[in-house]
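Could you have a look at this structure, given as structure tokens, before my questions?
In order of appearance the chains are A, B, C, D and E, and numbering begins at 1 in each one.
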Amino acid sequence: MSQTVIPYLEMSQAIVDAGGEALKKCYQCGTCTGTCPWTPITHFNIRKLIRFGQLGIDGIEEYMWGCSTCKFCVDRCPRGVEIIDVVTAIRNVYSGGGMLPQSLRAFVGSLSARGNPWSGDQDKRNDWAKDKYPVYTKDMDYLFFTCCTVCYDPRNIKLAKAAAEVLNLAGLSWGIPSVDVNCCGESVRKVGDLELFERLKQNNLNYFKTNNVDKIVVVSPHCLAAFKKEYGEDYDVMHLSQLIARLIKEGKLTPKKDFGGLKVTYHDPCYLGRHSGVYDAPRDVLKAIPGIDFVEMGRNREQSMCCGGGGGGLWMEKLKGERLSDLRIEEAMATGATVLATSCPYCITMFEDSSRTLNVDEQIKIKDVTELFLESLGVNMDELMAGASDLNFTCKAD
Amino acid sequence: MSRIGVFVCHCGLNIAKTIRVSELAQFASTLPDVVVAKDYKFMCSTPGQEMIAGDIKEHKLDRIIVAACSPLMHEQTFRKVVENAGLNKYLVTIVNIREQVSWVTHDIEEGTSKAKALLNGAVYRARLLAPLTSRFIDVSPDVMVIGGGIAGIQAALELANTGKKVYLVEKNSTIGGHMAQFDKTFPTLDCSACILTPKMDAVLQHKNITLMTYCEVTEVKGYVGNFDITVKQKARYVDHDKCNACLACTEKCPGKGVSEWDEGLVKRKAIYIPFPQAVPQKPVIDRDACTFFIKGKCRLCEKVCEQKAIDFEQQDTFSTVKVGAVIVATGYDLMNTKPLVQYGYGKYPGVYSALEVERLFNSAGPTSGKVTLRDGKEPQAIAILHCIGSRDKNNYEHCSRVCCMYSLKFAHLFKEKTSADVYQFYIDMRAPGKGYEEFYNRIIEEDVKFIRGKGARVAESADEPGRMIVEAEDTLTGKFIKLPVDMVVLSPAMIPRSDSKDIARLFNLSTDKYGFFMERHPKLAPLSTMSEGIFIAGVCQSPKDIPDTVAQANGAAAEALTIVVKDKMELEATTAMVNPASCCACQNCIRVCPYGAPFFNEQKGVSEINEALCKGCGLCASVCPASAIIARHFTNDQVLAEIEGLMEF
Amino acid sequence: MLKKTAIQKISDLAAELLAKGTLIAPVKESAGFNFREISDSGQVDFSFYNTLMSPKSAFFPQTEDFVRYDKNKSVLDAQCVDLNLKPIFLFGVRPCDVKSFEIMDIHFSGTGAVDPYWKKRREATTIFGYAFDLKTPADSADFYSTLNIGAADPEGSDIFMMKKGDGLLLKAITPKGENLLSSLGSLTEASADEIKYFDDTVAAGRSFKTRFTCVDDKVIAKKLEDLFHKTEFWEKISDACLSCGACTFVCPTCYCFDICDETLFAAGVRRRVWDSCMFTDFTMEASGHNPRTKVYQRLRQKICHKYSFHIRKYGVISCVGCGRCTRSCPVNIDIFSIVDQALKE
Amino acid sequence: MSINFKQIEDKLKTEARKLLEEGKVSIVLAYGKGYDEKKPMPYVVRKTSDIENIVFNEYCTANMARYLVRYPRGTKIAIAVKPADSRAVVQLIQEEKVKREDLIVLGIPVYGMKNFKTGETIDSKTTCGIYNPVLYDILLGEEVHGQPVVSPYDVLVDYEKMDKDGRWTFWKKELDRCIRCYACRKACPMCYCDPCFIDQNKPKWGEKSPESQGNLMYHLTRFHHLAGRCIDCGECSRACPVDIPLYLFHKKVAKECEEMFGQAAGMKIEDKPALVNFRVEDSDKILE
Amino acid sequence: MEFEPKILGIACNWCTYTGADLAGTTRLQYPQNLRVVRVMCSSRINPSFIFRAFQLGADGVLVGGCHPGDCHYNTGNLYARRRLAVTRKILEFAGIEPGRFRVEWISASEGNKFAEVVREFTEQVKNLGPQTKFKIK
């Protein structure tokens, strides 16, 4: 194969036009690659991706799907390159040319046809609630925006219910959205389908506006980031862990149940931590629960590692040995913890998968902070989930 | 009634192409008070100038209007012309019909009519112009140099050698600065002490230099030519007049303080001289480390001092000196790299900052020049990480300019003093000085490994306890490197002294966002500041190496000399003044002036302006509700008249 | 000759006058009544007590242009402003204000130097005096009876008017008035009853009471002269004074003015503008010296001028007791009280 | 709630006597009898024998702060202030026209004062409408509890609704009526320039005759000079013999300044007048 | 004939005036309706200059100064910003279209911006038509 290339600046310009303006600033120092969690385990090289983008030369395809948008490199970049914007722009330009990988086609297709990435029927979006929880009306204070993943994914329905119960116990005036809402669109934006994102966004904004929504509570940090940074509107959005931390602080909810020295570690979801700057709230919640022995992993907070689920990663197949979630599980187990707590449905999905494939699902449990908290309020999670298996979803690619 | 002469320049075709210049001159001649109006090919040429001068005499002109290029271009030229013709130079008005008319339009109608309007405005304004005279003030012949590093030393010596008296103010108890900490200097590898200490000594011995160590400037009053600067002599607790530098005290002292000179790698005594060649070579007591000051008893030093020089009662004293100019050469600090947790400074003992390494090499340093780790072992592998905090939007955006070179120097010295493998992690190698590229080549040949990629992380080695792993991408191969090393050297960003903002406030200097002092002009006045009579030299302006620093110091000395060499100096004529009859004593002028020129005369109950401090911006005049302030050359009636003239046609 | 009309029909009279020339009459404005040139006969409103501003502006407008010039031209080309006047009817002037014209005549035509603008306006004008309504008590600020002016004194008017029930009686006082009155078709002859009523009212007006104190010209003039240097007295008097010009601008007998040049580009006009002795810069001299920098000096000047110097120089008090200055004063300074106090000192 | 004017008057007399007798002040700025009970006057008490002339009633509207600058610097003065007047005192202290230590401030909490010319009640429409002085050493009456329910800027609503042509027509009509007696600036506690800019000939900022152009120049510039300084006492409008509603314009400027610079005039001694101050973080938005 | 507005420019010596010169040096074309008065600093601008300019028949007034933080006199333009903001509000409340008064920060190197601003502003003022309210008749 010839090594000769001619820079194709039209392509480079197309990337810039698609929002990858920051591309120009990079001086190729390699800090990003050195920081990137994927570098040690895959051949993905973020610096090269940018370099290829700068020159518009072939080779981009090899790297463009590797990034899980964890934002570690962005925080470290000495040139202030918004690398995620560059990745998004590159994906946008190239997937426009039909280069979407097979594994993402179902994801995009479902979003386009059903407004959620899980191929679930749109009118069954609220089936998990079984009419037990109110639908948002104009006079309510909070809209609990349920992530598609917690609506359709059987594991995460638990999280949805736990969240709903907590909101109820707090005595707040709240409701879930009607089935008219869509996925927040964060992931599909990162996958590069800006047009579809725009559609999803407009639909949701429409819902917010017609229903006079002002305060939004989310369980998914991806929704949080989308509403706060990508919708271009000023809504009062907070992550449930922040709300719980506040409720504890105000004395409105007090965890009672003693976990008797349960060793728990916490994984910072990239979109809650680095993307949204929320590090303390979930820790405050865990530390408020009696009898929890909280331990930190070596890489935590700003330095936290990615689970691999962001930027479309949740829907992409990864080979064994190339999974960040596997590494993270091992790191968690090294602390001696028996519960790996987190606060993101994507992370939960990734870790649940890994703990099963690594065969450690008995040694370490994956739980959302909300779930732990609800238990500490004395609610039995299993009772809550009874009958959840009746739900009938088609949850695989169609 | 004034007699106005109007001179319209063609500027070749530059103006004449889009303005009908003869029509313009004809128009001017119809305006009231205009006695003569002419146009000419090049007004700035000698015949053009002679024409103006001739007409001034012939027509007894008392106001000159030149319609030509921008005043920023030739205002001074024409001022000279009228001055030579016996007219006050402030009676000339420039109408900018080139840059702001003929060059920005193709339409000769539009161009001509706009030129007429501008000219009319100038005539309105010219009628009201007043002759201004510059005033002269006495100049104090002495100079103060702030900072006793190589820049300050050099500037002080240069000035002192011209016969001027110099006050050299240094915050620490010795002069010498960072250069005294170095072992070798790049690219020649000559011994730093060998070239510096003779200069330090020369300062001490020079009859024209008053050395003020352990001193800080606390107040600056006055203005160029006449600064009154108050200097605080911090209490040394040792009477330096009595002390004979026997240093018996320092031997007996039980106190332990952190050695600043050794970058905190070792301890020093509480009564100490920073290093053996310190100037002056007389000790001071570190109050925070002294047993007597902490516990109330000890006084061992007092007992051993035969000169009875120890004085625990000593207080800070203040003195005021009068100088004509000031050179600020306050130097730099290295950035604290602890907050960059990925590099593990302060966490792993094997991670060093550049200045610490300088001390390791130095034979007078804590290891007597041997390169050993904190546990005493010799390192086997060493990584030098460039651009830590420099060239980094998250920290400091500037390039620190000397790190590439000293990192090469380090590599050389490591190779010389140890058998370790040495790796440079760099983004770009920058070696643009004389002999620098050659030095780079030499180091490459010394088998130092260069990895093009910024160090991303320093981690503990899982396999070999005590060692570290440096993680980075080698961008040339695109491979991820995990390099086991025993020693990591960080090359942190050079940043201004932590107290540079205080200095800036005292001397009214502007700084960039990091605190480096701003020069008046980046190219044409790199050593001057916006504050007249204050000059800057060395790293306090921006990172630079020793040769550049010394060159700047010499330059600043020459600049300062241009002020103090004269007995008198001319003041700006376009200053503001207060009409006391109108002043309503609201003191707005005093509140807003960035130069502190207005002050309140309690006795008369009105504001007054110290014209020596005034820069003529006119801010005071516009905040004066009573219009009592006259901003000379831009008075309210002059500006209003100009506006009226501009709006007439 | 006494004629009459109905108050309701006053607009007919106004229309008739409008046809003959310029009509100036009280008009209701947001702050009160003022004499204004009437353009619509319906505007004339007789429901006023007295106007805010005195009628002096009919002869001595606040701004009077004298000369127009062009800066591009020679001084010789400057144009004097000539008045080209139609007959003027100054309608509804109260007796005290009528009296003020007599005092003002001294300054504008009585001392040898004649002001052509004043004179022309004065000659063109027919004054319609108008008696106060004797059934209504005088305003608490008025004190014209102190100055020997009756509430229905016809002297000084060309035609004098008074109300009787719903009707308005008009009597010609001067030949000018006689000529005009006889030419007005909207009026009817008055009855004998009405003639008697007219005369009775004039007489009753003499004893109509406003605020009163006994002021003898000579006594007050001397008194104030003696007090002139008693600074403490004047300071006390002027403690509240703001030194604004409201009192002098509303005053019917204040005649001070300033000459200003106002230019716009090359066009200029030299004009006369009312000035006030209460302003700090009133006495500012070209040298920068100002003999009256203090408030008390200025207020003293105003009082002494009206009640002392004017008497010494022209034999008459320069005040008609209309009360306007007192009513307009933002801090309720009352010239009557000051005179009263001075007399008691 | 009601204001006991008689009680305040008595207390004013008592305090004035005490301060003069103890030699703490040399003058007391208060209110005295006018030619009519409804026409009280500003009154300067110099001797204890003056004290009997002090009155205080609902017509005592004058802002005594106006007189402070009349006395030489360093004169010890006691001054009776109503709420808006106290703001003027604060503003004058900010501007270093008077020193706090030279003043003894006798605060009078009031509401429902009446305009002595029109008899109208003075409230937040024409003044700042607050009930209690913001600065005082001695409070002469019971503090009035509660806050005015309306903002002093509510009165602007109708004017802000007008379109630009409507506003111009309104102001032209109003300002054309001005007779240039300068009662507004003389009554204003913050207008202490002497000579005022408009009195000057070099430069000549505006025409002196009472016609549109000069009136406009005088008033607009005066509004600007008072920007960030006007304490909304309404004295200018009450002093005006032709009743020009100057307070409206002043209120509008004050409102804008408060929004842009985050500070109201005369509320805190430590503040710097807004227009001779800046914050680096001031936004360019204020210019839009 | 098309309405050609008269626009007064007041520019600070160090930034905007120099920027205007640069526009000339680089031969950028812009409409000739602007007439510039040079002052040393935007803070020299007395608000009454602006009122007066409108009275003298200016259809628009454009003020140019250094960018905040770059003032040749350190802080002049920071005061100017506040004062001119108030000037703007006063003009607006008096009924002058806010579009007739504009303050722009234009540095010595922004010749392009200067030309652009003049083009834009001239167009804007043109669309507003003649200023008749303040103009002395």
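Assume a residue touches a chain if its C-beta (ideal position, glycine included) is under 8 Å from a C-beta of that chain, and two chains touch if they have at least 3 such contacts.
On a predicted model such as this, the values are computed, not experimentally measured, just so you know.
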item	value
Where chain A and chain B overlap in contact partners, by chain label	none
Distance-to-centre winner among chains (Cα means, whole assembly as reference)	E
Most distant chain from chain A by Cα centroid	C
Contact-richer chain pair (by C-beta pairs counted) among C-D and B-C	C-D
Approximate Å spacing (C-alpha centroids) for the pair chain B, chain D	49
Whole-Å gap separating chain B and chain E, where each centre is the average of the chain's CA atoms	34
Distance from chain C to chain A - Cα centre to Cα centre, in angstrom	87
Distance from chain E to chain D - Cα centre to Cα centre, in angstrom	34
In chain C, residues with contacts to at least two other chains	265
Sequence positions of chain A contacting 2 or more other chains	none
Interface hub residues of chain B, defined as touching at least two other chains	592, 623, 636, 640, 644, 647-648
Touching residues (chain side chain B, partner chain A) in the complex	341-342, 387, 391-395, 427-428, 452-457, 471-475, 478, 480, 482
Interfacial residue positions of chain C with respect to chain D in the complex	29-31, 52-53, 62-63, 140-141, 236, 239-240, 242-246, 248-250, 258, 260, 262, 271, 273, 276, 279-281, 284, 295, 326-328, 330-334, 336-337
Contacting residues of chain B [partner chain C, same complex]	30-32, 581, 644, 647-648
Residue numbers on chain B that touch chain E, as the complex places them	70-73, 96, 98-101, 103-107, 110-111, 113-114, 117-118, 121, 508, 510, 530, 574, 592, 594-595, 615-619, 621-623, 631, 634, 636, 639-640, 642-644, 646-648
Residues on chain B engaged by chain D in the complex (per definition of touch)	582, 584-588, 591-592, 602, 605, 623, 625-627, 635-637, 640
